[in-house]
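First comes the structure, then the notes that go with it.
Naming follows writing order (A, B, C and D), and every chain is counted from residue 1.
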Amino acid sequence: MVGRKSLDALIRLYALQNVLLALLAFVLAEGERHFVLAGLALLLLKGVLIPRYLFWLLERLGVSHEVESYLSIPLSLLLGGVLVGVGFHVGSSFVLEGARLPEAVPVALGLILLGMLSMVSRKKAITQVLGFLALENGVFLLALAETHGLPLFIELGVALDAFAAVVLAGVLIFRIRTTFNHIDTARMRDLKG
Amino acid sequence: MSALLLLLLAPLFTGSLKWLKARLQNRRGPDPFYDYKNLFKLWRKAWIRPQGSSPLFLLAPVASLLGVGLAAAFLPVLPGVSFAGDFLVLVYLLNLGRFFQVLAALDTGSAFGGQGSYRESLVSVLAEPGTVLALGAAGLASGSLSLAAFTPLSQENALVYTLALVALSLALLAEGARLPVDDPTTHLELTMIHEAQLLDHSGPLLALYELSAGMKLLVYAGLIALLLPFGPLSFPAVLLLAWLALGYLETYGVRLRYLRLPDLMSYNTLSGILAVLGVVLRFRI
Amino acid sequence: MTMLYLLLLLPLLPALHALREHEAGRLASSTAAGALLSLGLSLLAQNQAAGPLRLDGVGLFYLLLTDLLFALVALYARAYFQAGKDRESWRFYAAGNLFLFAMHGAYLAHNLGLLWIFVEGSTLASALLVYHKGGARALEATWKYLMLGSVGIALGLIGVILVYALLGGATLDWQEARALVRGADPAQLKLAFAFLLVGFGTKVGLFPLHAWLPDAHSEAPSPASALLSGTLLNVAFYALLRYAALLGSAGLFDFAAGLLQGFGLASLLAAGLFLFVQRDYKRLLAYSSMEHMGLAVYGLGLGVPWLAMLHTLFHSLAKTAAFLSAGNLLLTYQSKLIARVGAVHQVWPATAGLLVLSLLTLAGLPPFGLFYTEFQALLRSSPLLMGLYLLGLLGAFAGLLWPLSRMVFGEGHGVGLGAPPRARTLVVVPAVLVVLALVLGLFPPVGVVERLAEVLSWKL
Amino acid sequence: MNPLIETALILLGLQSLLALLRPPAIGFLPLSLGGSGLLLLLAGLGAWLTGTWGTPLDASAGFYVALLGALYLGVGPYLREYLVHHEPHRARLEAFLLPLFAAAMVGVLLSPPGYTFLFLWEGMALLGYLLIALEGPNGLVGSRAFFLASRLSGAGLFLALILLVRKEPLVGGLGHLVWAGLVLGFGTKAALFPLHAWLPKAHPVAMSPLSALLSGGMVKLGLYGLYRAQDWVGSPPQWVGWLLVGLGLTGAVYALARGLAEEDYKGVLAYSSVENLNLLLAALGAYFLLPNPLFLLAFFFHQAAHALFKGLLFLGSGTLPVRELSRLGGLHRLLPRTATWSFLAALTAAGLPPLAGFLFEWYLYQGFLAAPQGTGAHSLLVLGVGAVALVGALGAVSYVRLFGLTFLGQPRSPQAGDAHEMGIFGQLGMGVLAGLLLGLSLFPAALLRPLEPPLYPVLPLFLALVGLGGGLVYLLSRKPQRAYDTWDCGFNQPGLMGSALTPEMQPHALGYSEQLLRLFPFVELEAHLSREGMLSPPRVRLEVSDWLLALEARLARGYTAFAHRVQHLQSGSLHLYLLLQFLALLFVLGVVWR
């Protein structure tokens, strides 16, 4: 995820991630209804709707599909590796008593850290959104791993919020494109002091 | 009592000083009693009020004389008023006189008056701390802050008193407007300090100024006399000494450059400080 | 009870109204009416519970404050947009009511998860408020706000999840959680609190998480800035209050206290520096918000929730008044630069008076309320913290003073911008707030707030 | 509480309310402000003289109430006439704020240490700031300096008083901390060197009646606090005394020298206030070290005297057409009454007998001269004598310069030829203060009775001076006299063009003190020669460079630079912000795992 140069690939990767997460939810569900529902919502919302929205957005924006970053690909791969390592290293202290799937906790942490890394280092607005979504997924995975899943209405609320945030971000990106003629957030530095 | 004595003596001192200087310079010079006549003559004349001047123009010579005169009243040359801290009142009464004089010098709007005014101000700032410190040290050494109770010079307080005497002597030169601080005989306005302030005063007003200047000199002499060990003879002795010394100094000495004044007067302040420290830290010879 | 649901959904009505009706006057009326109605309703609904909703003392306190400020700002906004010839004020009312809905939700929610959802919702709604009509700068501010806010709140979610897991997945109800949390592993509860503090702290505007705050406040239209500062910051602070109490119940308050005091003082000290070199008066006010939220968090760190609540109350009143006065300045001078504003006391005396009074309130001077709360906070601090606190206050004061003097009493060079708008509302609304701040400052409602804050008490 | 004081406070409150009417009711000011002043004077004097407020320390509050009362009594009528010349909008605000300010000052004196005290203390600062700020652009720097210093003072007091209010035992360093807070808090207000910098910025720009209240009254509250704190905390540690004596004497000399480099009439007065306050602080510090009643006498007596003469001088300054000394001159002709009042005040300020200013120095000298009776290092206090003497001499010069350049000589600018005397109310206000000052000078025992003062024969000296002086003046004025031009080296011959003297030939404000200032290394005058054209005469411009102000400016620049550096955190880069957020998280996690 941190190593790819193409935005399309990133979005596809993100969709795949969500499908996997949904599958995990189904596996863990053990027939509990709300897990199944949550998984379905996830699959629908994040696995299908959001990626499609992003592709649509990318197309309409008419900007290059290239990922721009403060870091070179090797460096960012290296940093990503380090962060995943850190995630695994400290993961144990995150594993709570009675965690459902302790093995997934470090993975979740790694995902969160990678999400943050891409938000800090990627320049294009849309890549930052992707970073945020990865982070969000990490949080979701953490929830799956640590608990029996959040209560359903909370889960749905969270998903709704995330979706609304992405839609809003999309609208904003579109406006950014028309206003600035680019979507490079590193160049939006008028407000300072 | 002392005030009257000094009032009577002052013209004699200044007048005879002029005579002495003339003699030293191989001139015949005026009569030693000339200043009495001169004052009398001036007093009878009319006086000029410069245009636009304020009431201070008239008040200043009066206040100047009164300040010095009342200060002299506190001098225990002859028995008079005495209380703890009287030497401070004495010094500040002298200041009172000067305050008016310096102010009146600004009154006429003359260039020289102003010059004299700030020059005199500088002199006062330079001389005053030394004077007060010296007198304070003497008071401390005597165990009393009343002039009448000052003990005379002795083995015990010799160092402190010597320092105090140095300070007071320098103060006498400065405050009395004598060489090397000021030249009382100059006729060039640009070099004047004391005289520049009197340029516009004439007749009786000038007489008052002259009289008070002479008295001021004697007041300092009286202060010096307090520290000397000759009993009632101290004051005459100091007068004689001062008379001779001034005559000599003003004949063979030259006036110090005005801007070098602080250098000279720093000895005054330093002696004062050392004198006080000498009492506190019990300096002995 | 249906009343709580009614209260929750009430703001959606004017929001829908705003989508259909674009006339500012009617919108202002319906919005203000909605807010005032909720104000009354919430007084009736105290201590009621329904599902995940419950209105306890703390919630009521903030709900009342929010509704009151919202109603007043709605009235002001009408005159403001009219004077600014802004025909799209409906956007403000629509987003504003949506925002109010989220706020209602947050204050009514008794479920920590629900609380999180509504706080996140308030971020999204307020992003719309900031964006308003767009433009490069507003866009930039909105984007930054959205990104930082979302990441922050996502970190907060991690905290919520950890808390939930620590409770054994049994409940997220705050009251029940406080009873259960005693059994939780302290080390892991601390971990959860770390995420919660950074997450909600971002929205409170604590240093160094504050970066979005001045951008958003300065670029939003002034009534929206007033809402952000006066109400939005409170909602995140409210969440911190709840979690601090939760930690208190677990006997870990000392740990939380250290962090809260540290972040509070850091915000105070940093804000002082930012204020000192600020050239834009709206950003100035924003940094002042950062300062005061820092002080409130510090007050919470002292273990005195009522004091922190009182502080936020006075801050909200004064800051709202200040932002509204700043709106008047913007209408008159057409510039946000301090250097462009001058001689306000001659150009528009009423606004000058409001500006002076509200800024002096914010500077913590008597007879206004913040003087009282700052005194109380100092009374409870150790000498070292007292010193830092006073240093911070001085720094912040020094930062506020020059702009205030400069704008109100300084020279008004080349500001021939014609007469300022003369709509009464522009002055009356902030005046009401200032008077309220004054009265409450003279007679601080300590007893009432203390009683309302009782639910938070963990020292039994 | 005393019913007289209550009535006075009610009067002040009513006046504030009345001022809000349209048009503002400033006509009542003599009655309300002046009347409250009278009540306060009576009540305060009663308490001070009879000690009815309990312990001697307690009665000191009465002294200060009376001091404020005396000022209000003079300022009340004066203000009424002064405000008529302001535009109604501004006059209303001033008439509203000033009585509140006056009431706050009294309130401070009536409050025990604690919340109310701080409330009123900071409230006083706020009102003072607003009153100065109403001066508009000219008052910007001054009002800011005033308010900043007031808040600094408030911070010190917060620290001290809160530690006191907590009623914890002041063990360990806490007692020292309390005193540090008190010295910072009250010292700043009382212009303790080097915390005095605000005063010469603020007092000159305030309107004259306000300057009178600030310099005469408000700053005294700092002295009150330091004195009264003994009552609250117990006797201070040694270092407080040494600090006050050391800084006080240094500050007094500094302020006088600096005042000589000041061109602004009110600026000179402000520096003179700094001088007097520092000398008072030195007296108090010396009292802390050696509880000699002479220091206490000096301390109390001079506060009263300073309040009156400085109040009078500031009121007088309200009549001047311009404030720069280098543009004034000869005003005794246009403003004879103001000149008279100011002359009386200047004589007092110069510390000349038999007026009140001298008695202060008299006590102070004797107190310092008594120091060798103390032990060890205390006996070194005797060196204070030298400092006081220097201050005395410089003070006299400073007032000669001030009065002489303003009221005597020839006008130095056209504006100085166009001044108008105050009317009946203005004269009444100044007259009241002058009368009180004269009374205080001649009957010091009436005020100092509770302290059983030693005195020099004040009244006989006065009578001798007035009697003999009057006689001499009478004789002289009966002598023949004629008016003539001032001596100009004989250039004024018949047929020539008249007097060769021009106003420019008089000493310039800075030229007057230029040579004196050479004695003091911390104030420098730099002369800049400039010539407009080849043929025009060169003009000399003197620039004052002040070491302390330069240091202050450098500190301010350093702080600004630091703030700018911190501002880089808000660089506009979203990525940096996100990184900061991440680092903050790591930091908190670090705290958790520590």
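Here is the rule we use: contacts are C-beta pairs under 8 Å (C-beta built on N, C-alpha and C of every residue); 3 or more make two chains touch, one makes a residue touch a chain.
This one's a predicted model, so the numbers in the text were calculated from it and none came from an experiment.
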| item | value |
| --- | --- |
| For chain C and chain D, chains touching each | A |
| Chain nearest the overall C-alpha centroid of the shown protein atoms | D |
| Centroid spacing, where centroids are CA-atom means, of chain A and chain B in whole angstrom | 96 |
| Inter-chain centre distance, chain B versus chain D - centres from mean C-alpha coordinates, in Å | 34 |
| Centroid spacing, where centroids are CA-atom means, of chain A and chain D in whole angstrom | 67 |
| Approximate Å spacing (C-alpha centroids) for the pair chain B, chain C | 76 |
| Sequence positions of chain D contacting 2 or more other chains | 567, 570, 574, 578 |
| Of all residues in chain A, the ones touching two or more other chains | 93, 116, 119, 128, 185, 188, 190-191, 193 |
| Interchain pairs in contact, sorted by label | A-C, A-D, B-D, C-D |
| Chain A-touching residues of chain C, taken from the complex the two chains share | 52, 111, 113-114, 116-117, 120-121, 124, 127-128, 131, 134-137, 139-144, 146-147, 150-151, 154, 157-158, 161-162, 164-166, 168-169, 172, 185, 187-188, 191, 214-215, 218-219, 274, 277-280, 283 |
| Chain C residues within the chain D interface of the complex | 143-144, 147-148, 151-152, 155, 187, 190-191, 193-195, 197-198, 201-202, 208-209, 211-212, 214, 258-259, 270, 273-274, 276-277, 343, 345, 349, 356, 360, 365-367, 371, 375, 378-379, 383, 386-387, 390-391, 393-394, 397-398, 401-402, 405-406, 408-411 |
| Touching residues on chain D, where the partner in the complex is chain B | 329-330, 332-333, 339, 343, 347, 350-353, 358, 361-362, 365-366, 369, 371-372, 379-380, 382-383, 385-386, 388-390, 392-394, 396-397, 400-401, 403-405, 407-410, 454, 456-457, 461, 464-465, 468-469, 472-473, 475-477, 479-489, 501, 503, 505-507, 511-513, 515-516, 518-519 |
| Residue numbers on chain D that touch chain A, as the complex places them | 567, 570-575, 578-579, 582, 593 |
| Touching residues (chain side chain A, partner chain C) in the complex | 93-94, 96-99, 112, 116, 119, 125, 128, 132, 135-136, 139, 142-143, 146-148, 150-151, 153-154, 157-158, 160-161, 164-165, 168-169, 172, 175-176, 179-180, 185, 188, 190-191, 193 |
